[in-house]
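Each of the two complexes below includes chain A, the first together with chain B, the second together with chain C.
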Partner chain A sequence: MKTLSLKSWGHLPALAWTAAFFVLPLIAMLLMSLSERIEGRITLTWTFANYQAFLTKAEGTFVGALINSVEVTLLTTVLSVLVAYPLAYILAYRIPRQWQRLVLVLTVLPFWTSYVIRSYSWLLVLSENGIINQSLLELGLLSEPVGMGNSRFATVLGFVHFFAMLLTLTIYANLVQIKESYRKAAADLGANSLQTFWHVTLPLSLPGVAVGAFLTFVLAIGDYITPQILGGSKELLLPQAVMLQLGRQADFPLASALSMVLMLVVTAAFLLSARHLKMGRV
Partner chain B sequence: MISSFTRNLISRRRALQLGAAGLATMTITPKFAKAADELNCLVWCDHTHARLLDPFAEKHGVTINVKEYEGTGTAYSLVEQSQPGDWDVFVIDSVDVPGAVEKGLLAELPEAEMPWDDIFPELRQPQLHFKDGKLYAMPEKFGYNSIAFNNTRVAAEDVATAAVMWNPKYSGRIAIYNYYIPTMEMVALGLGIRPDTITQMSLPAIREKLLEMKKLASVVGDVVTTQNALLTGAADILVAGGEYTVAGMMVEKPELDWTLPKEGGIRWGQAIGVFADSAKKDLATEFVKYILSPQGQGALATADCYWAMPANAKAELDDSQKKQLRWDQQPGFIANSHPYFIPDADLDAAMLDVWTEVLGA
Partner chain C sequence: MVGRFASWAYLGIALLFIFLPVLVLIQFSFQGGMAPVPPFDGPSLRWWAKVMANRKITDGLWNSLLVGLGSAFMATVLGFLAAYAMARKRRRLSGLYQFLLMAPITVSYLIIGMGLQIFFNHLGIGKSLWVIGIGHVVINLPLTFAILYSQLGEHQANIERAAYDLGASDARVVLEITVPMLWPSLLAAFFIAATLSWDEFVIAFLLSRFDVTLPVVIWSMLRSGLSPELNAAGTLVFGISILAVALVELLLWRARRNRA
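So, the complex of A and B:
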């Protein structure tokens, strides 16, 4: 009984934390999304007008922004996994154990740079005066510079640069937990390297991929900075639409409704990937 | 103007401010409020550098705490979630002064102690800074939303007209400042519509032109992003740019330039006042007077965050600074510019809808 009691109390800080910093703000945002601005004051009127505005306002631009957000986020997540998995695999199985920590630190080193600075750096790299254009021009592969910044390509590149590192960590943490004996057993049974990877390593590492991919999805879909700096507003993403409502007009009700829509998308992503989200494996 | 001036430069911080303004205020303002030898100022980012603040702080033996904001809505949120008396000095867009007075935020200023004779006459705008004959805020700085450009790549005769904003010759070389009000007002000027006559009826024409411009644009962005576009060659023209985007860089980058086309530009202005609840009104008033002095005006005009014109015609500026600010051309520029027009709530919302649609196109 004593142990049970201690265990129950042990959950309280986590519950209190979640309640204070997630549940209450979420409820506040929900109530705000059901409010209206009347003569400059925000009043809770239990209206769904803000959700209706999401569907109909500005010729359906908000729906288009959501579609753009989902497309960019899915592209980012898939590319990040494709970049991160081989990196994590090499780290876990090809780098000698005594060097793994150092290589891991080197891999995540870009994390230490400010997110904003990293985004602006990419803009410089991709610009017409940037290193890529100048190198291609010098090599004679281009006759005139090509603008690569201020585009969806630039946004996805900036995202992948950031999230591939995050995914590398989660996948690596999962890969090093897979017992070597499993792969040896597969080899003893006649499986070659590819078969061992396909039938043993990959399935067992999916929890790490799922956790990393989910985190990537959540962080990317709500991100404002990268598309704002690298996308050049060539297309509107939903976080940018949220900020538009806040900048001058302080339209918190509509901004909250748009944020709740984003929350719904994240929830759907969670439900779709929940089967694979085993945090204990990463 | 600068409602979105630092929108993206510090947008992560801003997101935190908006999302947890109450928490931020609780942790910041009580510390300010208790100290008797401190002055707490809610300001634009151009009021935060030591070159501006230190002379006053040293002379009066006070610590100046500055909290920068980047949109009037954010400023109001910060004030509403603070305790009365937490704030002493308020720097605010001139167009928003009547609203602040209406909310009872600003104290009356001693009109006779202010350097009215030195303020450019066009900036006095009593309808903004006075109410019922009482002065509530002083114009302190102004500038233009017009055209910034690269003078080695854009012909002088082209930037002489507002049509350069949609000139196909510069397709893929145009950046558009992403704050909808001045940008839409610039487009209106180019279409022959005076900004203060914009109505819902004007919006379809402005919308069509913006959609046309979006196709020609290489970037639509905040100040930093569009400045970057000019610097890196991603754009040669910045629509609704002006001295505030390039003047501070013109010594190192003389090819970056700004001007007003013959149709004119949009003149923005900011003002400074004292909070009605301030417990240090005398000190705060002294600070206002210092900011309006030639010394304060020179430092404010050439602030690290952004340069713009001082409201005081006697501001201390050296020859190089005057050249960068096109100081000698001010009388002509002022005459050819239109005061920043703030639409009413309905028109504002309609303009934002158009802008959102354009961004999403």
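So, the complex of A and C:
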């Protein structure tokens, strides 16, 4: 009986699931990226042609897409941290304890709307007949509408909207764990509030920033929806390039190679930030 | 550090930024005319009536609920079993197992979806709601595992030990002590997983052909441009997500109150 105890086998179903439906598909994709289409049939030929295509094909469109993706993602991550940190700080230290949870939940409520709808709803705000243009026209501040959709600005705005909420959650979770006595001790030792923040609160809250920023990076760089809806197709990001290969061309080998490059970038980001990531803390 | 006034001002501006698109969406779902954007000439329920009569949307709604609840149930059960086994018994390979279980969180949904598409295609398994559900379990398992693992600490272990000392069997301890003790967290994990699956687009898009989920329906409606009907459909999805979140908060609040 002892060997059948849940303690000894409970982890196996989840591991099997992850192995079968996560690890194997990734291996299948890796093999696919080393295959080529010969007369419409996909054959594993252990070729690097798809990776070469990534570097050279279509005047560097794919490399360009990768650079666009990294730029947009970095900009998004930095801006989201800048928007979220003060918000999390105010929630943690300015709102009375018993109201904090409620205010936090209300603040990040739109976090739970679906990705498609959240991006789409920004079109109602930004487009030429959206509410910003209409308001400015009515106030006489504009003589003709300015389209703000279909641009990198719109993509970054849509991203920052979502990820500022995510970062508010992770930074807040970190801030409330910092013992008040640390800040009191700093004050007793003669630090003013700015010095206390700079030398005590900020360094102690960096793990929350790191976890949130890492999640932002991973989710933003792999996202197809926001750039497709808000950015349009004027400039491609890497996930849009992947979907183009999948959809119109049905070129699975090339799409797989592009995806492997995307994964490589995320892995690099993970290794660079691994030192600061303590997932368990948040 | 920041003045009181500055704090409230910042909070106000941040909330405006966060809620602006959602409020516009909700308001213009009650639009009277054909235009999805200002000027507002409602309120009217005509677009809501149209959404409710749209078979594609109602079918998508049921498909999404089915996939969401089914995959969340599976993810919660697998996550609980794994969290229990990992928290109650040290293994030589514990570190590796945890790494594997958490790994899907670092991979984009697009890549997970594409991998599954290639994998199932190779096995000759067609696209269906089942396959979407499998994908959603993959993305939610790290979350349910992490949530439940964090709730299986020393405190809970001591209570279980007391039950063992009183002669309870393994199965009885799990069913009558551990599960009831974790009940709020189990439900919270379930609803978080269900909400994420309900909203998920790219995996559902890549792995569906005929039966599609609601985000995919909305995506295809979006291709023919903005419309007040789309606003109403979006508001509906938002409303259902909010209900689930409210439920989770209520459960967590009760759990905290019971512990206190």
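Going forward, the second predicted complex is superposed on the first by the 260 of 282 C-alpha atoms of A that agree within 3 Å, B and C clash if a C-alpha of one lies under 4 Å from a C-alpha of the other, contacts with A are read in each partner's own complex, and residues count from 1 in each chain.
Basically, a contact is a pair of C-beta atoms (placed from the backbone, for glycine too) under 8 Å apart; a residue touches a chain by one contact, two chains touch by 3 or more.
Owing to the predicted nature of the structure, the values given are computational and were not obtained by experimental measurement.
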{"item": "Chain B versus chain C as contact partner of A:Leu236, first or second or both or neither", "value": "first"}
{"item": "Touching partner for A:Arg248 - first (chain B), second (chain C), both, neither", "value": "first"}
{"item": "Contacts of A:Ile225 with chain B and chain C, given as first, second, both or neither", "value": "both"}
{"item": "First, second, both or neither for A:Lys57, with chain B first and chain C second", "value": "first"}
{"item": "Contacts of A:Pro110 with chain B and chain C, given as first, second, both or neither", "value": "second"}
{"item": "Which of chain B and chain C A:Gly149 touches, first, second, both or neither", "value": "first"}
{"item": "Most chain A residues touched (candidates chain B, chain C)", "value": "C"}
{"item": "Partner chain in contact with A:Ala65 - chain B first, chain C second, else both or neither", "value": "first"}
{"item": "Touched partner set for A:Leu15, first chain B, second chain C, both or neither", "value": "second"}
{"item": "Touching partner for A:Ser127 - first (chain B), second (chain C), both, neither", "value": "both"}
{"item": "Common interface residues of chain A - those touching chain B in one complex and chain C in the other", "value": "25, 115-116, 120, 123-124, 127, 129-130, 224-225, 229, 243, 246"}
{"item": "Complex contacts: residues of chain A adjacent to chain B", "value": "25, 40, 57-59, 61-62, 64-65, 115-116, 120, 123-124, 127-130, 145, 147, 149-150, 224-225, 228-229, 232-236, 240-241, 243-250"}
{"item": "Interface residues, chain C side, partner chain A - complex", "value": "1-2, 4, 7, 10-11, 14-15, 17-22, 24-25, 28, 35-39, 78-79, 81-86, 88-89, 97, 100-112, 114-116, 118-119, 122, 134-135, 137-138, 141, 145-146, 150, 170-171, 174, 195, 198-202, 206, 214-215, 218-219, 222, 226, 230-231, 234, 237-238, 241-242, 244-245, 249, 253"}
{"item": "Residue numbers on chain A that touch chain C, as the complex places them", "value": "1, 5-15, 17-19, 21-26, 28-29, 32, 83, 86-87, 89-90, 94, 101, 105, 107-110, 112-118, 120-125, 127, 129-131, 134, 161, 164-165, 193-194, 196-197, 218-219, 221-225, 229, 239, 242-243, 246, 252, 255-256, 259, 262-263, 266-267, 270, 279-280"}
{"item": "Touch list for chain B against partner chain A, complex", "value": "3-4, 7-9, 11-12, 15, 18-19, 71-74, 76-77, 172, 178-181, 218-222, 224-225, 228-229, 232-234, 345, 348-349, 352-357, 359-360"}
